[in-house]
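Note that the chains are named A, B, C and D in the order they appear, and that numbering of residues resets to 1 at the start of each chain.
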Amino acid sequence: MTEQPSRKPATLIIGAGISGIQAALDLADAGYQVHLVEKEPSVGGRMSQLDKTFPTLDCSACILTPKMVDVGRHPNIELLTYSEVEAVTPTPGGYRVSIREKSRYVDMEKCTGCGLCAANCRMKGRIVGQHDAGMGKRSAIYVPFPQAVPLKYTVDPQACLFLTRGVCGKTFLCVDACPAGAIDWEMKDQMIEREVQAVIIATGFDPVDAHLKPELGYGSYPEVITGLEFERLVSSSGPTMGKVMIGDKVPQDIVFIHCVGSRDRTIGHPWCSRVCCMYTAKQAHLVHEKIPNARVTVLYMDIRAFGKGFEEFYDRVREEGAVYRRGNPAEVLRRNGRVVVRAEDTLLGEFIEVEADMVVLAVGLQPRPDTQRMAGMFGLGLSADGFFQERHHKIFPVETDLPTVFLAGCAQGPKDIPDAVAQAKAAASSALIVMRQAELEAQSLVQIRG
Amino acid sequence: MARNPKIGVYICHCGINISNTVDVAAVRDYVATLPGVAVARDYTYMCSDPGQGLIVEDIGAHDLDRVVVSACSPRMHELTFRNAIVGAGLNPYCLDIANIREQCSWVHKDRDEGTAKAKALVASAVARAALLEPLETREVGVIKSGLVVGGGVAGVQAALDMARAGFPVTVVEMADHLGGRAMDLSHTYPLMERADDLLGQIVGALEIHPRATILLNSRLVDVSGYVGNFEATVQTHDNGTVTDHKLRAGAIVIATGFDPFDARLKPEYGYGQYPEVMTALEFEALVSPNGPTGGRVVVNGREPQQVVFIQCVGSRDRSVGNPYCSRVCCMYTAKQAHLVQQSLPQAQVTVLYMDVRAHGKGFEEYYDLVRETGINYRRGNPAEVLRRGDRLVVRAEDTFAGEFVDLEADLVVLATGMVPRAETAEVAHLLKLSQSADGFLLEAHPKLRPVETASDGIFLAGCVQGPKDITDTIAQAKAAAISAMIPFARGMVKVESATCLVDEDLCAGCGMCEEICPYGALRLDTHLGKMRANVVLCKGCGACSATCPSDAITLQHFTPRQVMAQVDVLLSV
Amino acid sequence: MEATELRTFAIDNHLFRCIQCGKCAASCPMGFKTILNPRKLVYQALVAGEFDPKAHQELWDCTTCFTCSIRCPKEVDPGNMVIQLRSLLVQDGRIPGTLTTALKSIFERGNPLVMPARDRGAWVGDLDVKHLDDGADVFYFVCCTTSYDMRAQKVAQALVKLFNVAGVDFGILGEAERCCGSEVRRLGEQGEDSLFESLVEEWGEEMADYSYQRMVTTSPHCYDVFKHHYPMNGREVLHYTQYLAQLIQDGKLQFTNKIERRVTYHDPCYLGKQNGVYDEPRAVLKALPGLKLVEMDRSREKSLCCEGGGGRVWVEDPNPEKKLAAWRIDEALGVGAEVIATACPFCMQMLEDAVRTAGAQDKIKVLDVAELAAEAL
Amino acid sequence: MKTFVPVENGDTLQAVRGVLRRILESGQVEALMVPLRTPAGTVMPALVTDPALLDQADPLAPVYPVNAARALGWMTQREPRGRIGAVMRSCEMRAMIELVKLKQACVDCITLISVDCAGTYDVPVYLDAVAQPDNLLWPLLFDDPLASGSNGGPALRDACQMCERPVYDEAQVVVQLLGHDLAKGFSVVLPDEMAGALNWAPASDADGRRAMVDKLVAQRTARRDAVLCETRDKLNSGRPGEGLQTLFAACIRCHNCMTACPICYCKTCLFKGPVFDHDPIQYMTWAKRKGALRLPSDTMLFHLTRLNHMALSCIGCGACTSVCPVDIPVGRVFRAVGGNVQSVFDYVPGFNPQELLPLVAFQAEEWQEVGE
């Protein structure tokens, strides 16, 4: 794994969400080497957490999984999961990159992904997993989700009893259960070096932490959940197997609140997150689909249904009976066992209180916490909102101030899936130009020597 | 196939998606008894790496020659499993998929019913699999040059990427200059850069690029061929003389752009009736430093003191057949309002809107900035523009106040939306592309294949696919460019093997199939009165085979024998 | 206001930032019982050709809790707009009668309660309290209400007890203490040549002469105005709950008496929402042995205003509807609290009134955090 | 141009033959396709190049052995094509145009010569009638077409009794017989240049043809509506499909209807191929499930498929009914179903060869209501 696999011109892609995956596939299909680095144990990124996608209601995992499998098997893609770029050094032709491949404590060659280790883990069903956005629980040895690529188990060093406390019963249940003998407590992080001619940064986004808006009751009322949590709740492969439930109750009155952590200077997020209007519309639709008599109220400031087929979808959701009321709610309170959303309906000019069994906060998108570090490593700038700064907002949307470093997806700013995919392909196009030029230069050198 | 097949059957649980409604073990045990089945297994996720590994291993160990995977829709994973069995040395067409998820577990509640149906579906797939025949995988060579139709921002950017990557490219532009509609804009938001300067950077780069050929005053009039090998006829008009060029290209990028909505279709706004009512594009010309007034905002010979912008003219409006949002009007209106406020600080500027869609990076921030210069945003879709004395009055409901307002105005700017270009239908017809309900060209998949079309080798860039701002247009143009360049870089493209096959003895030459074929793959030989198929163009959709009354066209991989075998099994269980 | 004047007003107050989302209006605790609606006021300032504040007597309904401004996603500050509009009314002399009395009293006697300045230190009685003349580590700023109101005085006395146990070197100004002007400011007497400005000038100069390290206030209102609007020359301003929490953390205060009561805490707006002091009062309560702290639903950032701020504590009830404090008492009872604790003399006054009106004296007591702490010594 | 052809000695047939002969002799066409008398006493279409043999031509014989369009299609489907004048009646003309649309024929080199038709008899009826001395069927028919069948004579073919298109004025040459006193003469409409070449003079437009045609069409349309209404009632009776099954119950699957149909153009019908040869076990399974399996099986599928393929283009010549050995009213069913389908698309088969078949051409605007 520490040997550079080829001398073909190569691109480093950081982040294997849908943007990184798409850029990697395009470059690899064109015949160039890609080193795809993902810090999580599986590729897939945020899109793998979503249920359906607007406006066509395609199942997100279903359209994503084939692409994940493709990157996992592509001969031109070196997939480095559970790995992080630690340092980059400029070289005459590009960059030398140091990548830390974190120890999974599981031998990738031996693990067959059978899952017996997780089934036997002492912490089974006790660890809050990131993939389910806190809605479900897993073991300390895990795959993030069943379609993971690679389907290899990883020991969570923060949760494993042995790794945190030095002891886990009399005998390791996981080791005993593993028929392949794949668990290796001696495994250490590996440092890998790669030479690349171009870099695509596709590190994605984080959802805004809804705790930043305490008046909306997130964290204090179980009925108040975030949009991402709703995705896991409504997903048939999620922790409730697709049942929309709060505790053991099927909610009848559901309120969606827009712009939670977007367009909000009070928490330093003046930007619009671009996707929340539509994912809320989609979620409102899914509520109607799953709970036929549900009453859905959506509280919004402006509906931004700007993409192809979006306005039409928004029309459809309203026709299905979702009540859209214009008003940015002030508070979520508890009254008589239910939660009450208090708002002004700005079109009526009246105060309203909407009782709810479930409140879904349409949380916005924000830069990942390691954006600053990543930018510093390359010497790149960030825009005022903390996302990566493109070279020019109009004519160079994927370029950076460095000629061979490009941006893809939400690392540059909030985007929906089609825009992220288009932009990832655009970044791949720019990288392809670098690859081609590197190759042509190499050929002309050979000719001169020959 | 004559000899006894050895079929491996693999039943997927899809987590709980299938196994909740279908007794997977029972299906497996039942299938194992079917004739020809050598091995039957089930697994949690067949599409996962270990799931596929299971199949590969069995092909070696049991000497399987046919594989049936019973899982989700073949749309989802047929390719995945084909690749898997190819890895084990089988022909990719020796695979059949039984869809027991979308067509079974997801639509049944009762477990017994679901299980019975799953058994029937798998058994029918097994019957078909026994009759499957290996098909030859075909590759064709590629002409390593691109053709870009439309020389607006999208076309220029797509061409520039191809040229820079080392591939010759030809741009066909109807007008006498490159740059398209964006060149007519005065400034771009949010930094107020001059549009012609900004876009001149990419247009200029293309114009001087040695690998770029630019054909102005030209139109694409005919296209034949297929991915990797297109032949196009381009007609150039030059001072009354018309020249036809033949061009060959490996890929085509369609970037023919949009038309602005015709504001006359909303007569209540008085466009064409009152000189003080103008469209946004006319306003751009007015404020452009190159415009007739040198950029001064003058209407009827004086500087307007009250300016009203009306948003969503021809967008989000089912009454004119445009249910969609035009995506750019909110922001260009903000920019135009800003320009008015800058050049006429005393003017009262009001924007009437329904929702402000400041969705892009930095847009909301710009919208904040513009409002703070003192522009009134009032929510309401105005009803009418009327003349009162020597001024206009815009009549609307202010939906915040819940009151009717008559806003006096000496300039009204209509934020006209984008509509498909008049020629879009023609282009669609010429290239056998589809249009989506909104009339723009249809992409292959709205999420994951936004620049591809149903025809291999033909890609979409810019507003021909739907309204877009400059930033998104450029990203999408580059995306189209790389999709076009992948075959160039590889030098070869794979073409569909499961194509149609015409039996000339049976063919009566009626031409039904030619009319119905969406890919132009069938042509009647008028001399012989027989149909001829171009298998490179054929996508194996089967429309011809279904249409042919005399059963003279067979779709390979879906032959009547194979399909009838499947039907017979379904009818006998 | 004429059109041009109105436009300048709108631009100066950044009203054009507003996108009419309605968050302010729905956040306004008074909005649900009066016609006060900050969003509509902003909109009228933006789009109406003229604006007559005289037609908006509801401006006096504002409790200046500033929830509207704190939550505004576009940083419009409608709360400040209301104060600005009040200023215009004040300039015209259009001010409710009781408020005129209070303002006049501040001007003449240094307190709004029409009490003689010389009685200001009477609450000390025989407690061991020194005058700040000789300098001290802590300048304890008592506050007008706490100094004169019989009920509120107990809080000062409790605090003195606590300070003494903890060995704090503190002093007060007694007769020389004057109104901080917080409510004056909130009533609209702000800006150039206003009563508040003269207060800051004179009083700020006077205070600067004393020798002390930090100021500790009884009232969150005093705390807020000193912290943000007075030249403190680098000296720290603390609310007493912050100071007590510090003393407890430093081990200087220990409690032995068990307080076997269910207590809920009401966050004063000027302490919580406006200054983010949520944890310290709770830390003090949690340090008291036996005390069971229960939270009301509307706590911390969501706390409901008692309706005492912005001078409303001096206004005869103009609204027939239930007072906000009464809702608050209902809520406290709802969580089974025997005591509703607070840390603000206005809140104390409003809540006690509400308990009396409801005739709930047997069920619930209103106590200050300081009183509970002193009881636990 | 319209010309008047006088009849000498009351021999109308001879006058018609004269017109045809002049067209052939003048070199306007290389050959004429025209019904010739056969030794059996009937007539059959023949391709005539020798003008002398036109003595045997009998385009007036009211008999319908085959639809001539079928044969003409074979001669014109592929290049090279010769210049042929085709003498046919309306139903044959319309079949021809449908075949053009189906690329089974080409009219570019054909001069279509239509002859007014007052109705036809099935071959046995015709043979019976002409065997009687002095029984000239056609003069009687043309004398009073409205009385045909009710004036004691034999009944016309079922299809002819409800034929609402006895004339075909879209042909290049129209031999107009209806409404004329045929003992005196008749009219011919032909292109001006042909008239010039043949040196024919124009005649007045005034004759009784239009009035007669209108009356005839009215009478037969009324019958058609009654018959089709009755047929549709039969089709719709019982459970879905039951009516159709009843109507076709006697079918022996001889394929005669298909063979006689002028439109049914496939080289080999898929029902003659192996597609519907099921596994032996399959027949047993079905028999067990149903208790009894009708044999030959798939008869209904055969007729449904033919309806599916042909109903839209059915021009109602009734050839299918005429040839059915078990007297199934095949033509009535086709007209009833075909009429429904044609009205959905507002389609009238048999006229404009440039018009595309509705099921082949996709119109973005059509059938909006289905998509809703």
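What to note about this one:
One rule holds in what follows: contacts are C-beta pairs under 8 Å (C-beta built on N, C-alpha and C of every residue); 3 or more make two chains touch, one makes a residue touch a chain.
Because the structure is a prediction, the values reported are computed rather than measured.
Between B-C and A-C, more C-beta contact pairs join the chains of A-C. Chain B has its Cα centroid nearest to the centroid of all protein Cα atoms in the structure. Chain centres here are Cα means. That of chain B falls 61 Å from that of chain C.
With centres defined as mean CA coordinates, chain C is found 45 Å away from chain A.
In terms of their C-alpha centroids, the spacing between chain A and chain B amounts to 25 Å. Distance between chain A and chain D, defined via averaged C-alpha coordinates, is recorded as 70 Å.
Contact with two or more other chains is made by residues 263, 302, 346, 349 of chain A.
In chain C, the residues touching two or more other chains are 19-20, 39-40, 74. For chain D, residues touching at least two other chains: there are none. Inter-chain contacts, as defined above, occur between A-B, A-C, B-C, B-D. Listed in rising order, the residues of chain C touching chain B in the complex are 7, 10-11, 14, 16-20, 39-40, 43, 46-47, 74.
By the touch criterion given at the top, residues 356, 368, 371-379, 398, 400-401, 405 of chain B touch chain C in their complex.
Listing the residues of chain B that touch chain D in their complex gives 505-512, 515-516, 524, 526-529, 547, 549-552, 560, 564, 568, 571-572. Listing the residues of chain B that touch chain A in their complex gives 15-17, 20, 44-45, 47-50, 52-53, 72, 76-77, 79-80, 83, 161, 164-166, 188, 190-191, 193, 198-199, 201-202, 316, 323-325, 327, 355-365, 368, 399-402, 436-438, 440, 443, 445-451, 465-467, 470-472, 474-483, 485-486, 489-490.
Every residue of chain A that touches chain B in the complex is listed here, in rising order: 18, 22, 26, 29-32, 53, 55-56, 58, 62-67, 69, 72-73, 112-115, 146-151, 236-237, 241, 262-263, 270-272, 274, 302-312, 315, 346-349, 383-385, 387, 390, 392-398, 412-414, 417-419, 421-430, 432-433, 436-437, 440.
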